[in-house]
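Both complexes below contain subunit A, partnered by subunit B and then by subunit C.
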Partner chain A sequence: MKLVLEAVTREVNGESHLYSMSMALEPGLNVLLGPTQAGKTSLMRVMAGLDRPTTGQVLVDGQDVTGRPVQQRNVAFVYQQFINYPSLTVFENIASPLRLQKKFSNDEIQRRVRETAEMMRIGHLLDRLPAALSGGQQQRTAIARALVKQAPLLLLDEPLVNLDYKLREELRAELGQIFARRNAIVVYSTTEPLEALLMGGVTAVLDKGDLLQIGPTLAVYHQPAQRRVGEVFSDPPLNILPAVFEGGLALLSGDIRFPLPPHMAGLPGGTYWLGVRAHHVAMEAHLGREIEIPAWIELAELSGSETIVHADHRDGSGGEFHLIAQLSGIHNFSYEQQARLYLDPHRLFVFTASGALAASPPRTADQRKERA
Partner chain B sequence: MQKTVNHRAWLLVLPVVLSVAFSAILPLMTVVNYSVQDILGPGQRVWVGNEWFIDTVRNPDLHAAFWRNLLFSFQVLLIQIPLGIAVALALPAKGWQASLSLVLIALPLLIPWNVVGTIWQIFGRADIGLGGYFVNNILGLSYNYTLEPRDAWITVLVMDVWHWTPLVALLCYAGLRAIPDPFYQAARIDGARLWSIFWYIQLPKLRGVLLIAVLLRFMDSFMIYTEPFVVTGGGPGTATTFLSIYLSNIAIGQFDLGNGSAFSLIYFLLIQILCFVFYTAILRAGRK
Partner chain C sequence: MKSKVQISWRGTAVLVYFVLLMLPIYWLINMSLKTNNEILGGLTLLPNAPTFDNYLQIFTDPAWYSGYLNSIAYTVLNTVMSVAVALPAAYAFSRYNFLGDNHLFFWLLTNRMAPAAVFLLPFFQLYQNIGLFDTHLGVALAHMLFNVPLAVWILEGFMSGVPKEIDETAAIDGYSFPRFFFRLFLPLIRSGIGVTAFFTFMFSWVELLLARTLTTVNAKPIAATMTRTVSASGIDWGLLAAAGVLTILPGALVIYFVRNYIAKGFALGRV
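Then we have the complex of A and B:
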């Protein structure tokens, strides 16, 4: 199956929820990445046929299905809330889509439900009511309900967001494997960049109702077409530094200057935004080519075995920018402590003043291996 | 660590203790006191032990009032619960239409109970009442709630439905609005029909509010007094003499305090037991 959206828009009461969007989805995993209000849910509802696009067309295998109601489309949907029929047992919940289709024998239903339940590891809970399950088990039931139909289009709208951290990791890993074995178009929305990276496949980055970029997940991560894509696809947030390029040098505020590294060398002079991900900001220099930036520590937060440091760079003439560094290990800093942060110029993204990608860091063979 | 004892807390509870003592405990204890004595006059009383209780339990008029009241309560539940659910389902979900219909629906609940009785007393009259005139002269049916026991019963029942179905409807409406939209979407994706959506999503999700609605309506209708008192005064004959009307006839009409007190205590106990039965039955039904 192939799902194509052609210039799809959606307006509700004069308010645009989706601006014109076109994309073609193939079987495999497709991640919709964007902050809240990006239009992920609106887009998935249009894909499913729950909502009709205001303009544009939805094509399945070349056939226009724009106005076709959802029950005739063979789709499955998983929500961030745990949606199960409250008065039906887990077994009956999973069986419900098959029963409503009225084309399966009882044996077939038994077989399929048990198989799917085993796959979701809720085989031992089939006689329970949803209310007697934990949140993770409830969502496993809801996902099993969606999987059992073997629909060619499976939509999951932030399915793990209401689960606690441990369960989320566990279920995410399982889901990745399950989706990989299916010949279905899986659309998975999330607000978390890390989740998109772990899921792989294709990622579409959305923001405020706009489709900013779509492509293989790693390609989008390493070559964000716009500054905003880089920002959406970075957690902790992407560091953005204003810079002026002049005669082979880049100037930051406070008279910090450095020669342009090879990947930026061809760029004409002018003002740019430099982007660098937090894990490429260090507190020590290792390579000898780093840019040294004096800054004052604002906040240091511990996140697992990492420390995320927020610091402000200020020069005397009012130029300032904020930097976030993600350091491995636990470090102690005090407020307004003076520090030196180091950026590797080879790891910088360059965006033009209007936000388009001008240069992205080269990917070394080492890194490619690391990602794979 | 040592617990600090702060006796000032007692001071804060004191007003509640006092008001509950005066409004509930004292009157109840007075009733208990009366129920074991025959009050002949001020200062004249005779200890009778459990005589009033035995009398009450064996009284055939009271048995009749009990069954009458039970039948009335079941009819009330049978009509008001489904009707309330239906009204709640039919109400618009949002917009000014929703606010307007909620206000209109809630109006009967805002009317004082004796006024409700007076409204229906006039409404049902064949000579000047809109309802009575309509049934008698336009539908051509003979209807007179002051003469016909059946008509009196129907009048009180319809009045109660008019007065209290809005409560059930409002409770169900709130329950329905609390169901997240994805439930309906999921059902649509499965291709479920309206009936399945009602049976598998809405009704199970309404269980909690329905439990409250059934309990409230049962208790209220089992204790109904003001409206039938105003409309029929318990008549004609004993056709609409419900338990509380019978009780007030004994205790206030005949000033038979001992008998009335014993009856009150039994009445109180009955309501407690029946509510408990309903409560556990509905909880069980949900768990199965």
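Then we have the complex of A and C:
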């Protein structure tokens, strides 16, 4: 199956939820990544046929299905909320899409439901009502109902967001394996960059109803086409520094200057935005080529075995920017403590003043290892 | 020591409240078991010679028991029709946006703000002409005038408590709308339907003005029978009291069966 959206828009009461966007999805995992209000849910509802696009077309295998009611489309949908039929047992919940297709014998339904339930590890709960299950089990039931149908288009709208951290990691790993074995177009939306990276496949980055970029997940991560893509696909947020390039040198505020590294060397002079991910900002220099930035520590948050440091760089003439550093290990800092932060110029993204990608850091062997 | 005193105070308060609450009902039951002579003779807290003659007369005299049958007939008819009509309307109000939906929803409620007497003459005149006068259906239809808006209002509250995503999931799974509505949706608002049925039943059961005016013989309600027992020989107090007791019973029965739903209804819906 192939799902194609052509210049699809969606407006509700004069308010644009989706600006014109086109994409073609192939079987495999497709991640929709974007902050809240990005249009992920609106887009998935159009794909499923729950909402009609205001303009544009939805094509399945070249056939126009725009406006065809959802009953007549072969799709499955999992909501962010745990949606099950409260009056039916878990077994009947999972069985209902099969029963309605009327082409399966009772034994076949039994077999398929049990198989799917085992896969989602709710095989022992089949006789219960959904209300008697925990949140994680309820969502497993909803996912099982979506999986059992074997629909060629499976949409999951932030399915793990209402689960606690441990359950989320567990279910995410299981889902990744299950999706990989299916020959279906799986569309999975999330607000978390890490989840997109873990899921792999194709990632479409959305923001405020706009499709910013779509491509293989790692390619989008390493070559964000726009500054906004880098920002959305980065957690903690991407650091953005204003810079001026002049005669082979880059100038930051406070008279910080450094020679342009090879990947930036061909760029014409002018003003640019430099982007650097928080885990590439360090408190020590290792390579000897790092740029040293004096800064004042604003806040240090501990998150597990990492410390996230927020610091402000200020020069005497009013130039300033904010830096976030993700350090491994636990570090203690005091407010307004003076510190030196180090950036490796080889790890810098360069965006033009209007936000388009001008240069991205080369993907070195150690970087690839780091991701793996 | 202190807590003991508190508890006894509390107990007394509850007792007083309970006595005040039960006094009219006790009085009614007490009267229904006495003869007219005893009732008029003086104050007795318990019947001197308890008699079921009054009840017996109601159960054997068609003029009396047909009143009950008539009341039950149009009340049940009204309840069934009101709920049946209100279910799809409430679903539309809770799920769809359409032109003027909010206004219409409020306007429905204003139907209840007019006294029933306003509609008395039109109904009377209309029913005389189309043959609905003195029929159970006629009374049931007249009561729907104020029961349907109430039923829509209550049911809409319950339906809005069911996430719309359940409707959509059912559509995705392939449920046709009627199948979804009856098999999946109605069980979810069971308590709402119970509460609605109770309220429509009660309003129809206690309504006197329309029921009495729109009937003469064939569909005459019990309340009308009771008001027409003043005869040349005076008022038959004991008989009236027995009829009163029997009039309370259906309501009490219905309340007993839906009492849990009503409590839930207060918590969830719009009662």
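Assume the second predicted complex is superposed on the first by the 368 of 372 C-alpha atoms of A that agree within 3 Å, B and C clash if a C-alpha of one lies under 4 Å from a C-alpha of the other, contacts with A are read in each partner's own complex, and residues count from 1 in each chain.
Everything below uses one rule, namely that a residue touches a chain if its C-beta (ideal position, glycine included) is under 8 Å from a C-beta of that chain, and two chains touch if they have at least 3 such contacts.
Model, not experiment: these values are computed from the prediction.
Once the complexes are laid over each other on subunit A, subunit B and subunit C cannot both fit and instead clash.
Once the two complexes are laid over each other on the shared chain, residue contacts for A:R168 go to neither subunit B nor subunit C. By the touch criterion defined above, A:P86 lies against subunit B and subunit C together after alignment on the C-alpha atoms of chain A. When the two complexes are overlaid on their common chain A, residue A:H17 makes contact with neither subunit B nor subunit C. In the superposition on chain A, contact of A:R277 is made with neither subunit B nor subunit C.
Contacts of A:Q71 after superposition: both subunit B and subunit C are touched. In the superposition on chain A, the residues of subunit A touched by subunit B in one structure and by subunit C in the other are 48, 50, 69-71, 75-77, 79, 81, 83, 85-88, 96-97, 100-101. Chain contact summary for the complex, subunit A toward subunit C: residues 48, 50, 69-71, 75-77, 79, 81, 83, 85-88, 96-97, 100-101, 142, 145, 149. The part of subunit C that touches subunit A in the complex is made up of residues 163, 165-166, 168-176, 184, 187-188. Contacts from subunit A toward subunit B in the complex involve residues 45, 48, 50, 69-71, 75-77, 79, 81, 83, 85-88, 96-97, 100-101, 129. Residue ranges on subunit B touching subunit A, taken from their complex, read 180, 182-183, 185-186, 188-192, 196, 200-201, 203-205, 287.
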